[in-house]
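Below are two complexes that have chain A in common, paired first with chain B and then with chain C.
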Partner chain A sequence: MKTASSAQPLPGDFAIWVFIFAELLVFGVLFSAYALSRMSNAGLFDASQATLNRSYGLVNTLTLVTSSYFVARATRAIRHGRSAACGRWLGGALALGALFLAVKLLEFHDDFSRGITLSTNLFYMFYLSLTFFHFMHVVLGMVILGFVAYRTYAGAYDANRYTGVETGASYWHMVDLVWIILFALIYVLH
Partner chain B sequence: MSSIENRPAGSVAEPQGFLPKPCTAAWAALIGLALFTYRLGAYGSGRLLMGAALCLTLLKGQLVVDYFMGLRSVRPFWRIAMAAYLIVVGGVIAVAYLSA
Partner chain C sequence: MKYSSQKVAMPYFIAALALFFGQIVFGLIAGLQYLDGTFLFPDLPFNVTRMSHTNLLIVWLLMAFMGAAYYIVPEEAQTELYSPKLALVTFWVFLAAAALTLAGYLFVPYSQLAAMTGDAILPTMGRGYLEQPLPTKIGIVLVALSLLFNVTMTLIKGRKTSLNLILIGSLWGLALLFLPAFYFPDDTVKASYGWWWIVHGWVEGDWELILGALLGFILIKMTGVDREIVEKWLYIIIAMTLMTGIIGIGHHYYYIGAPAYWIWLGSIFSALEPIPFLLLVAFAFKMLLQRRREHPNKAAMLWALATPIVAFLGAGLWGFMITLAPVQYYTHGTNFTAAHGHLAFFGAYAMVSLSIISYAMPLLRGREANSPSAQRWEMTGFWIMVFSMIVITLALTGAGIVTAFLQRSGDNPLGFMQVQDKERVFFWIREFAGLGFFSGLLVYLGSFFISGEYDYASEAKQALSA
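Entry: the complex of A and B
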């Protein structure tokens, strides 16, 4: 059992954790709103969910989880002073982030081609809103990771200075965590 | 404000070696659990199946919190706060689905 004296400091800057918990609170409210709205519209939600291509959701889950793993490896690398390895892991994570966005855009294109819009019904309103809101968080996360990668290649981080890497990594893991719940809620549970 | 700038090199109590075994194992588990959750959704509906899928989702979330975010080795408060978040959100979803 860990004791307080053996505990490590919170990774990254404390401010990012305030931001992360605020973001999680917002997503938590939206997830709850989706689930509570389904209570009186279960048939509609299940029928509409069945029209989604769940393979897109699975591919994006595998992509984002692996991207998050790459970021965890980048964090570990810089903690041990391997800045070149850190940069490579971050580059891989960014590439997977781009793949996530590409798959999601393809899915949106398919949806819009079938005439699905925010006003089609309550399920699609939640589906499009939640996934687009998360999409924008992936974009922001990629901007943050890109900045961290640039600073890594510029030599700003080493084994003694890596708060920036941990801060960016923590945000990216939050984006991954939210998607894991979103995937189950939108694509799996019925 | 937590700051680890100028923390002595090697002060992070993690396993040495090229492969961080817990992190890699967590990634493998997350991939496996994601595929299993997907199959559960394709298999059918029903409270048992959906309950299992929701529990697996919460487990995946805790794996991310513990091994990717690294909250397993910080003050327990933060890990408990994250676990509480997952339990509350999962609980609301479970109650809503059971009441539908």
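Entry: the complex of A and C
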């Protein structure tokens, strides 16, 4: 019988989990505020949401989910001591992260050329600030992954020492998870 | 103390405590002026008392931060300070500038002081905390540049630890964030923006990083926990501070003519600002539980552990209570804000300054820790001051709530002075608690004059026989 003590310990460093939970709390509050203000402005929110280009959102969702898969493969590779493969998977994840940023910038450019600002209406205020806030998290996640990739190439990890890779991977999965909720909430649900 | 040049921290710490004493005296006078508007008038009008109280606070905290930097940076970099002489010259320049400015406040009418010091050429005077005449403001920049030059050169020639990088980086931030003090446009909204970039940027951003670095240093030294663990926590705390604090500035932009989206952004992000303080509490106690040694300086440990708790209460909880826009609509500028200001400034920045002073002063005086009796005095002072400050906070909160109900809401709101009259009981409680704080401060300062050092042999013997 499985007991609590035989459960797997948290992957990665304990401190990153404190950070991840704090981040989820922050996004949780942001999503709740969005949901609450939508309740009294459903018409406005639906009309504004219809103007968003869902293709951008969908491409970015697939990009981030794939990058999360790459990061998971990187973790598996290092657990088997294959640090070169780990480095390649991390490099791939970073490239996808960059693709996400590029697509998002393109979308922001479209939004701004349509004259949309934080002051346009409540929906766009949430849309712009939530996606920008998440954008900055992708940047931070890439900094962390970049650091882990650099350390991987420098030979800091092997089959017995890979906490750093798991730590970076855990944070990246959080960035991905938040986007999936954000995409569903802001682009799709109406 | 590992490097002789760390000794330059001592005059900074002593001056900080002297200015702290001055701050409390002006606080007591201001409290009395709330009860009797004519007290000391016209020799010391209320606006001058208040200005002296708040400016002394800023100056003594800056003194303590600088002393802490001169103490910590060489030890972390494992090398002597680049120029101890420059640090000492800077100290005297800063102290003289502070004394002259205070004399200017006390002996020259403010408008005349402004006319005398070139405010017409480049207007900078008049905003809260930034009342200093132009020459003083320029002096602050020069003093900051001298400190930054000195510690950065020390860092370049020595070991580069994350903690030192965080500390020196946040000192650079402190200096850069002061620059909007020279930007005072006629447009009141823009003037408010510039003012809050400094005040909010300092106390709800950059200074939190300084607080983290000072606390991190004390905890590394006192608990013997690996610096990697401490530094990891610091990075997380910094990330959360910036993530919530930068956009959290929006809570100063409500209803002042700034765009309406600040009501949402300010409310949401500033509501999250308690998180980094909560993380600081978790960090401090986790380090305590993982400690690998029992440091003899119990007083310093008490300060260091209490700092995040009182900071969380004052900055986190009391800040949260008034930060949401619909609440702020009623509580803006009431004594509720003063309650938050008192417990936050004391809990976060005064207490972290007293923590590093408590840790470093015995070492600067050539002993690892003070004698147990000196520590008992210090800890007694600690409890009296903390308790009194909590009473001050509660009294001001009471007054703030009364204002919100009687003056800000209802069908027949009362006038400002009528409401002030109804709040006298709170102002009396505040004044008595202020006197309590003052007595705690005297006990605390008295502990510095109890001689003797911590004697391991006799303490061990006593513990075994007990």
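In this section, the second predicted complex is superposed on the first by the 186 of 190 C-alpha atoms of A that agree within 3 Å, B and C clash if a C-alpha of one lies under 4 Å from a C-alpha of the other, contacts with A are read in each partner's own complex, and residues count from 1 in each chain.
Definition applied: a residue touches a chain if its C-beta (ideal position, glycine included) is under 8 Å from a C-beta of that chain, and two chains touch if they have at least 3 such contacts.
Computed from a predicted structure; not experimentally measured.
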Between chain B (first) and chain C (second), which does A:83 come into contact with in this model arrangement: first, second, both, or neither?
neither
Return first, second, both or neither, reflecting whether A:60 touches chain B, chain C, both chains, or no partner chain.
neither
Which partner does A:152 contact after superposing on A: first (chain B), second (chain C), both, neither?
neither
Is A:140 touching anything from chain B or chain C once the two structures are fitted on A? First, second, both or neither.
second
Just to be sure I read the superposition right, which of the two partners does A:28 touch: chain B = first, chain C = second, or both, or neither?
first
Determine, for the superposed model, which of the two partners chain B and chain C contacts more residues of chain A.
B
So in the superposed three-chain picture, is A:161 touching just chain B, just chain C, both, or none of them (first/second/both/neither)?
first
In the superposed arrangement, which partner chain does A:48 touch: chain B (first), chain C (second), both, or neither?
neither
Dual-contact residues of chain A, meaning touching chain B and chain C, are 13, 15
Chain C contacts chain A in the complex at 229, 232-233, 236, 239-240, 243-244, 247, 259-261, 264-265, 268, 271-272, 275, 279, 282
Which residues of chain A touch chain C in their complex?
13, 15-16, 18-19, 22, 25-26, 29-30, 33, 37, 118-119, 122, 125-126, 129, 133, 140
Quick one: in the complex, what on chain A touches chain B?
2, 4, 6-15, 17, 21, 24, 28, 31-32, 35-36, 38-40, 42, 46, 54, 57-58, 61-62, 65-66, 68-69, 71-73, 75-76, 79-81, 159-163, 166, 170, 173-174, 176-177, 180-181, 183-185, 187-190
Give every residue of chain B touching chain A within the complex, in rising order.
1-10, 12-14, 20, 23-24, 26-27, 30-31, 34-35, 37-38, 40-42, 45, 50, 53-54, 56-57, 60-61, 64-65, 67-71, 73-76, 78, 81, 85, 88-89, 92-93, 96-97, 99-100
